[in-house]
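Chain nomenclature is as follows: A, B, C and D, assigned in order of appearance, with residue numbering initiated at 1 for each chain independently.
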C-alpha cells in the first residue's frame, strides 16, 4: 500500500500533501516525514488531507504528535480538509477543537 | 453485483452491450436476456463485450449456448471485443475459431 | 454469540493486512444490501481500529496465531466480529483523555480507537479475558441518524 | 501440503461470494509483490473457476459447509488453494471436448473451467476423493512467458 507524501513550499509555509490510506501500517511513514521536516527547520507546516482516502486513529495520533512537536518549537501544524468522511473522524474525537482546519491550501497559507 | 445489459438496434442487428462481471452468479441474467431477444425475433445478435470487466467459463458457456440457439434458427451471434484479458479467455479455449469477433460495433454490424 | 457466520477471514499478525480486511468488509457491506455509503466508511474505520488492537495484542505476547474476522447478516443488521487470543484488557479501566481544551490533550496520541468504534457503530460489545478478546460490532442496514457529539465520552 | 498459510477465507455455498474471493485474491496478489497485471487477471479467473466448482460440489450433496480458500506466499511464488467437502471427482475421467472445428462443439457449454485453470496457472494440482477436493494453484511472482496454444489440450 502506497502513501503519497509530497512537499511544497508556499508563502513561507511547508505544505505536506498526503495521498492514500493512513492507517497503522502507513502512518509511521507520515510520522517520519513530519519529524524530518521539523528537523530540517520547518516551523509552519500545513498537512493537506484532501487526497486521503482513509484515516484512522493511528493517523490522528501522528498528527497530534506533529502538532505537539511544532508547538513546543514555536511552530504550528494546521490541516486542509473538506472531505466529510475525514472531518467526521476529527469531529468525533474532538480534534476539530485542537487543529486549525482550512478549506484550501491557499486559506491555510494566507497567514492569519 | 450488477450486470449491465443494454440493447440497441443498429443496421438490422440487435446489439447487446454487456457491462460488468460475467461469472456464475451473473451469467444467468445474460442467458435470459439472450433467450428473450431470440424469442422476440432477433436473429442477428452482436454481443458487445467492451465493457466487460471479467468473464469466466460460465459466461463463455452462455455465449456458446446463444450461438447454438441462433445458428439453429438461421441466425448468428457475433462478438465485439478488443480487450486482451477477455480475448485471452476465448483464445485459450479455442473459441476464437467458433465466434466471429470484431473490433467495433460498426464492424460487426456492417453486413457480411 | 454470532448468529449465522457468513464469511470468515483469518489474517496473520502483520499490520499490512488491516487494509485487506477493510477491502473485504466494505465489499461485503456494499454488495449484500442497500446501505448508506457513510455507514460503509464507518464500518471500515471501526474494523480497522479493532483489527489494529487485535494484532497489537498478539504482538505483545509474541503470538503468531491468526486473528479471526467474522461477518454475518441478520434481517436488519450486519454483524462483524474480531477475535484475538491476546491477554485481554479491562475496558472499564482505560484511561480517560483530558478535555480537548486542556493543553495536556496533546500528550495523548493514542487511545482514540475504542472511542471511535463506540461512536461509529450502532452497537458494540467487548468481551475480554485472559484468553483473548472478542469484539462484536453491529451496523443497521437501514441508515439511522446518529448524533456525533461524543466529546464528553472521550 | 501448504507451506505457510497467510490468509484463509471461508465462504458459504452461494455463488454471489465468488466475486468476493476474486477481490480478496487480486488485492493480495497486487499488494504483496511486484506482479504482472495479466497474472493477476489469470489468478482471478482460475480462482473463480475453482470456487464455482467447489460451490457446485457442495450444492450437489446439499451441504452447507463452507468452502475454504487459503493464500500463502513462498519466496518465488504465490500458492492459492480451494478446499471443498463435496463428493469429489476423477479428473482423468472428464469428457474431452470435440475439436473446435467440429459443429458438435456447440453442444458443449460446460467443461471449460478446469482447462482454463490448467492453462492459466503456472502449476496446479487436484486432489480429490470421496471426502472432497483440494485444488492447489501456483503463480510465480516473477512473470514467466507462457504460450497460450492449448487448443490440443481442450
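Simple rule for what comes next: contacts are C-beta pairs under 8 Å (C-beta built on N, C-alpha and C of every residue); 3 or more make two chains touch, one makes a residue touch a chain.
Small disclaimer: the values here were computed from a predicted structure and weren't measured.
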item: Contact-graph distance - origin subunit A, target subunit C; value: 1
item: Most distant chain from subunit D by Cα centroid; value: A
item: Averaged-CA centre spacing for the pair subunit D and subunit B, given as whole angstrom; value: 24
item: Inter-chain centre distance, subunit C versus subunit D - centres from mean C-alpha coordinates, in Å; value: 33
item: Distance from subunit C to subunit B - Cα centre to Cα centre, in angstrom; value: 44
item: Between subunit A and subunit B, centroid-to-centroid distance (C-alpha), Å; value: 50
item: Residue list for subunit A, restricted to those that touch at least two other chains; value: 1
item: Residue list for subunit D, restricted to those that touch at least two other chains; value: 16, 19, 31
item: Listing of all chain pairs that touch each other, if any do; value: A-C, B-D, C-D
item: Subunit C residues touching subunit A - in the complex, by the definition given at the top; value: 15-16, 18-19, 22, 38, 41, 44-45, 48-49, 52, 55, 99-101, 105-110, 112-113, 115-116, 119-120, 148, 150-151, 154
item: Subunit B - residues contacting subunit D, complex; value: 1, 21, 23-25, 54, 56-58, 60-62, 64-65, 67-68, 71, 84-85, 88-89, 91-95, 97-98
item: In the complex, subunit D residues that touch subunit C; value: 6-12, 16-17, 19-20, 23-24, 27-28, 31, 66
